[in-house]
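One chain, chain A, appears in both complexes that follow, with chain B as partner in the first and chain C in the second.
Presenting the complex of A and B:
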């Protein structure tokens, strides 16, 4: 049952009756929510409002003067900032590449480990290894594997499989650097997607499949007409999780590329202005813009997939 | 589900485990890189703002076995290597002033009054006696907090010095190592200053930071002005903001050309290249021969990634070929000039020929690894590389020479300077005790000890010229004009200006035309200078 359904039950449904009991229940509900709301206000709402406010000022960390209100100046500068738009394009490219591939691979893996075979438990545990490795470590590890002189990937492609004539600097050529880091993210996060989908698969009752088999449905038909529709909530959750994560990607790219412009993402560009350049005003404007872009994606998902399909 | 389970399971196993197994198995092709010991812990830091280079040649062995015989030991923990990159300062030989053209010119450094340095301790655990103990005793019983070094053996040196200081003066020193990544340190210091925090009394700061931290730092001129006169004037100039001496130089870094003596000899090349053209020729000649046995052999590796290190390398390329120093002393942006464009075009030509294509994402670590693994003839790096290259077990131990970086013919050899300074917070509640501690750390005795026991290049002229120090640090004998990044003139906008420079140069390396990139960089720098 979703939070929305709970809210409906507690807040909406008793309302028309407006009995004394209902009012008392409402009061108790609000009282019980109060501590949570207070915490949310302090740790989430207040900083958020602060960021919105800062984005309209010229606040810096290096100036001793209090920040001044500058209106929309930061935003005007931002929309004309070519590096910012590069970072937006990079981030969206990265998001599309990783989310689509992760979903496909995650689905295959989930189907595999949902079926009966020997060593399934060990398989499920082994699958999670890439996800369990801290991102900074896996990014460093992959950086070594991609290395143009010593990297194992070049060694395999050039010396073992003879697919390439000479070593390629995957991380330095702008055309290959973003796909290379997307591959790292796919390797690392596919298990997480598989896990979410596996949870969805496990609640699909077996008798539906049996009925479909009796009716003569092929494997593909069973997958398409039974598994996919029933898995929709799980797919939606996986997609939203992964898309939001990918849109704020920072660590894996920062470790592998630093500030290189061919791979700069929105979060890295923001960090640059907030921390390295101490420009809180401009950095906050970038943060607000990131917030808006992520919000657009969420709205698209909610309307397209319909997250609220549950009863 | 009736998928062919075995095949699918196999596929899943491969997808998840193969890269992991491959990584554990180590790099396949070519030689094994320079071991864990040379891997920078602060990779993120190295890429960011102002990574710090420290001449941590090593975990301190006594002089006799250290740099003299070229065998400083490097611990194989992953935490050794500096997340390098430098900043501004000096070293022996010469000082820099920048002429109206933006080109560095050289003046001879004062030789410095002789300081008698006897019994220089050779262990990082034994700090020398406190020369200013008598005055410092006045503040006995006070407690000061020192944000100290965290790279290489730096913290061990700090602890030893703090212990000695406390023993002789009664001032208690709390040593807190700063975060390993320079940009995090920068952010942490800013937070402390913004909060007007009395919790930091003495801070180690990068040589490019005095401009941006000046408003929060105490003027040390009244107390330490006399000792400042014994140091390299260009670093003192760097640390003086609006007439206030906001930090005391502590140790220096400078760019050097490392080369493979054995390979030059093998191919009949008489010595290290004097000009960039000669470096190109030598590199091509040796590559041609070496590639027969090692297809991954390259001529020259440097720091080409988009980060502070590239600003340092680019400064050397430009200043050594008449291309100026980005911004001249009069505050005029000089980066967009024909010589600069020509040199950067040349650098663009190196990428993928004498330098690996991957050099555009190399920091100190990757370039050091290529050299250390025997896959490069020339390396541009800081003094710490001497220790790493000559560490026990190093593939190239004893085969390495060090020289000034090449220059265009008729131009002077230059080196970008970096290093670390010590500053006192203006929000400190124990300023006098803090100043006494800085006085001790920047005394000739302590600088000599750190040079001999840890290969930290001294900032005091007389200490750098001391025979025992010179014997321990052969890199100190390399003569080049020291050039500084425009940190002072850009002040708090330095990080942004440096980013404009390294992003532009990185684009040129990756194939953009210098003639279209340099005007953009010029424009960005100009807008930062106006602020």
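Presenting the complex of A and C:
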């Protein structure tokens, strides 16, 4: 189901109830919501407020003194921090590479699964497998496949397909390390994108295609003038979720490269300051920046695509 | 060229594409499996073999005699199990309220919960860290059970709302006429009917918690308290002595051990998972 239809269904007004019960119903509803709201307040709302506050302090985990207000000091330091800007550039490069390839590949796979053929169910099931495994594990699996001496990728490229003259240490060369890790993310997440798009494809009525065929539309024209416009909500949902995920990427890059500077991302840099250096003040300023960058992306998407996921 | 030949060719190309996609999806698993049953001597030699000449279960033997790995399996089961149960218990109540009742503030609450499903976990790591310390939960599984709720609960509520809304109103009306309280109606009428939804949502929450890495890395120090993702990432230091810097054979055996249950569960519940995923549109 597309984002809009799905949001429509959920947000539509509930069925009217007997008015005499209304007040009691309301009380019961809030009572039932109370545990959820309490957890949300404790693990999300309050921590978010606290992060904003701490970004203006010199809070650390090691000091026993209460944190002191230092104004914009953390932010002034952050805008002049070259490693931070490296991490921003890396993250955006990673996001662009993965999201674009995942959408294109995901679209191809969704179109394939959406057509009639034997083994369609099995293929749909196989798509779920990369999604289900932990990112940490997919990173380790690929790290081994990328191995410069015993790795299967080098063997395939050099000995089987003769695309390379000699083995390459993909993960040690700065130029190839980010694309290499992007490839892992593409492998892990494309199936999920495909399933999202497939759900959108399946609600497009067949008559529209038939009508277009009768009117003499070619396969490409049907795709461009029928599928793409009708699939826009599904594409938007996939695009937003994938972008937000890619912008906060941590697991796959941390497992393959640790804190190494040539591949550091915003989340890795932040975690390093917060946990390894225990500098909660500076780390919180980074968190606020990440939060703002992600918010900017959401605003851009919502205005550009004109689809409100939340309705 | 006749239409028939063109059809045959395009059909052949189509199946080639299908095979290509399947190979791309499945090959890394095949490679992990192949590496997990290859003896070290063969694993670290060239030219590399695509199926071991002498398959062995040695790597699995080493993994299952690695205490830290066994601890990690238990820890992950405890954390993911607890998080799933708490999320379902709390979330089903919340979803019922949001899905079946009409009251002022309902829509706003739904926005809050939806926005939390795309919440960047890294953004609150610092304050969760101080909170975990204040509650004396640092380096305990409790820290993970508490903080994992940030991603499992909102998503549980969101997906369950869909399930509750799809049920006919007559069910509750009948229960009310029979004099049931709203809570009785919930526990005795709607919750049993929502069982398929609970299973799917629970499974998705379990997988999300089982796969988590960032908070585990940040809040756990003692090797015995590591979760499975952390244990695999640190396996090179805990593995029984290997002549190689990274014991890739054991790594891949661990990978298979952790992955197979997830894959089996996913394949059993695949239809429901796809429905839940696309309805909730959550991250993987």
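A few points about this structure:
Just so it is clear, the second predicted complex is superposed on the first by the 264 of 311 C-alpha atoms of A that agree within 3 Å, B and C clash if a C-alpha of one lies under 4 Å from a C-alpha of the other, contacts with A are read in each partner's own complex, and residues count from 1 in each chain.
Throughout what follows, a residue touches a chain if its C-beta (ideal position, glycine included) is under 8 Å from a C-beta of that chain, and two chains touch if they have at least 3 such contacts.
Keep in mind that what you see is a predicted model, and the values were worked out from it rather than measured.
Look at A:172: by the touch rule set out above, it reaches chain B but stays clear of chain C.
Contacts of A:140 after superposition: both chain B and chain C are touched. Of the two partner chains placed around the shared chain by superposition, chain B is the only one that A:277 touches, whereas chain C remains out of contact. Once chain A of one complex is fitted onto chain A of the other, the partner contacts of A:261 are limited to chain B, with no touch recorded for chain C. Contacts of A:248 after superposition: chain C is touched, whereas chain B is not reached.
When both complexes are overlaid on chain A, the residue A:148 reaches chain B alone and has no touch with chain C. Of the two partner chains, neither chain B nor chain C is touched by A:106. Legend: residue contacts after superposition of the two complexes on their common chain; A:37 is shown touching chain C, with no touch to chain B. Between chain B and chain C, more residues of chain A are touched by C. Residue overlap on chain A between its contacts with chain B in one complex and with chain C in the other: 61, 108-109, 112, 115, 117, 123, 126-127, 129-130, 136, 140-142, 144-145, 147, 149-150, 152, 155, 159, 187, 191, 254-255, 275. Listing the residues of chain A that touch chain B in their complex gives 60-64, 83, 105, 108-109, 111-115, 117, 123, 126-127, 129-130, 136, 140-145, 147-156, 158-160, 166-169, 171-174, 177, 187, 190-191, 219, 254-255, 257-262, 272, 275-279.
Residues 14-15, 17-18, 21-22, 24-26, 28-29, 31-32, 35, 43-48, 89-91, 93-94, 96-104, 106-107, 109-116, 118-131, 133, 146-147, 149-150, 153-154, 157, 161-162, 165, 169, 176, 182-183, 186, 207, 210-211, 213-214, 217-218, 228-229, 232-233, 248, 251-252, 255, 258-259, 262-263, 265-267, 270, 273-274, 277-279, 281-284 of chain C are the ones touching chain A in the complex. Contact residues on chain B toward chain A in their complex (touch as defined above): 1-3, 5-6, 8-9, 11-13, 15-17, 19-20, 22-23, 25-33, 43-44, 46-49, 183, 186-187, 190, 194, 212, 215, 295-296, 298, 305-307, 356-361, 363, 366, 369-370, 373, 375, 492-493, 495-496, 499, 502-503, 506-507, 510. Residues 1, 3, 6, 9-11, 13-17, 21, 25-26, 28-30, 32-33, 35-37, 39-40, 42-44, 46-48, 50-51, 54, 59, 61, 108-109, 112, 115, 117, 119, 123-138, 140-142, 144-145, 147, 149-150, 152, 155, 159, 187-189, 191-192, 195-196, 199, 237, 240-241, 244-245, 247-248, 250-251, 254-255, 266-267, 270-271, 274-275, 280, 283-284, 287-288, 290-291, 294, 298, 309-310 of chain A are the ones touching chain C in the complex.
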